[in-house]
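Chains: A, B, C and D, in written order; residue numbering restarts at 1 for each.
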Amino acid sequence: MTIAIKFFASLRETVGQAENSLNSSSIMTVDDAWREATNSMDMPANMLIAVNMEYVERGARVKDGDEVAFFPPVTGG
Amino acid sequence: MHIEILTDVFQPWQWLEQYESARRDVMAGQFGATSVFIGTMRDFNEGDDVSVMHLEHYPGMTEKYLQKIAEEAEERWDIQDSVILHRVGDVRPADAIVLVAVWSAHRADAFDASRYLMEELKSRAPFWKKESLLEGDERWVEKNTPDPGAERLIGTNK
Amino acid sequence: MHIEILTDVFQPWQWLEQYESARRDVMAGQFGATSVFIGTMRDFNEGDDVSVMHLEHYPGMTEKYLQKIAEEAEERWDIQDSVILHRVGDVRPADAIVLVAVWSAHRADAFDASRYLMEELKSRAPFWKKESLLEGDERWVEKNTPDPGAERLIGTNK
Amino acid sequence: MTIAIKFFASLRETVGQAENSLNSSSIMTVDDAWREATNSMDMPANMLIAVNMEYVERGARVKDGDEVAFFPPVTGG
């Protein structure tokens, strides 16, 4: 299965990548996707996560074709 | 309802005048209250002089959340129209960053809905700011501070 | 601070653009938040079509109270500038009646202060409205209804 | 002593006069001025009163040269 991964803002710089595409049958949750994409870096405590552009918690399930995004607290406005 | 992400400098008052003119046939005489909020770039932040701010966003998710927030406001308050404009890209001091406008029959709805839009935009819409300081350093703005006066308006639509 | 009673039609967005342009040297880059409220004449009220509204005031006392209210807001909130414009004379549907604007470093101050200005203006500034209905009758508007959302802002400066 | 009196809006129409100048040594309060100016009409319950352009209650004292204004609830904005 294929999962598209995106990183934004300071997190993109910390992780050192803007996007990624994971092909792995062992990814069940957002947590798994994070570990696979970052080589098991520690998850920042205040990080926000979206699956298919909807906010989710880190334990959320992912499925084939999903887009999973990781980013720091938002600072628009 | 009008949601727009802008990549270039915009003039809030000119934009509003043109928008209202274009909608004159459907809107004129219908609304009694307009509440507008404009967020503008300052040339200082946390004690430092800021020369440029780089505004990044998550294309697709930004529009989706602005739309969601505006729909929530329209469900909750008696609103005739609402607008959210937000800049991305390089923003300079005195440039407008965000414009929120609400047209309503009554002032309470206009005030509440515009404040709601701003608060939700600041806590949920995926935008990020990076400041370039006059001395040459760059730094990410770490988080938005909540508006205590908006507390009674939020929390029910999360 | 700018307080003005206007006897002729005015365009809120044009007025604001000119005002900000004229103050660019002292204001640009200093404020992060602008909150504007505009009250506009509707072509209906209490189920009737209204063709003209006659706005009467108490010259001298009006200016005095608008000034007082604006000073109260400047004492209470962290404000960089504020404007109150109010029409008198004959006002027609879609004409602006009142404009309140507040410039501040932070959004909470701008929102609170502009809502305070409107609420106090509506309860204390000596203006009165008489409506001419399309059918030819005239009637005085009897009272303004308070904005429940402004309750936490008022009552301390009476 | 001389007291200038003003009436506004619907009250001006009810009372049938816009302004008046009272010359009487017996006027001590706003109430007295009202009675003198209106020939003792009933005071409307929700009427507002200003002396020298400051809101006052109906029992407020008036003095020579004061301007006393009577008007209905304000409806600006």
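What we mean here is this: contacts are C-beta pairs under 8 Å (C-beta built on N, C-alpha and C of every residue); 3 or more make two chains touch, one makes a residue touch a chain.
Nothing here was measured: the structure is a model prediction, and the numbers come from that model.
Trainee: Can you give the whole-Å distance between the Cα centres of chain A and chain D?
Mentor: Computed value for the inter-centroid distance: 72 Å.
Trainee: How big is the gap, in whole Å, between where the Cα atoms of chain B centre and where those of chain D centre?
Mentor: About 48 Å, centre to centre.
Trainee: For chain C and chain D, let me know how many angstrom lie between their CA-based centres, rounded off.
Mentor: 27
Trainee: Compute the distance, rounded to whole Å, between the mean C-alpha positions of chain B and chain C.
Mentor: 22
Trainee: Which chain B residues reach two or more other chains?
Mentor: Correct list: 39, 107, 118.
Trainee: Could you pull out the residues of chain A that touch at least 2 other chains?
Mentor: Only 77 qualify.
Trainee: Should the pattern of chain-chain touching be classed as line, ring, star, complete or other?
Mentor: line
Trainee: Taking all chains into account, which pairs touch?
Mentor: Inter-chain contacts occur between A-B, B-C, C-D.
Trainee: Quick check: in the complex, which residue numbers of chain B touch chain A?
Mentor: 39, 55-58, 60-61, 64-65, 86, 97-98, 118, 121-130, 140-144
Trainee: Help me check something: in the complex, which residues belonging to chain B touch chain C?
Mentor: 11-14, 16-17, 20, 24, 28-44, 93-94, 105, 107-108, 110-112, 114-115, 118, 147-150
Trainee: Quick one: in the complex, what on chain D touches chain C?
Mentor: Those residues of chain D that touch chain C are 6, 8-10, 46, 48, 50, 53, 55, 69, 71-77.
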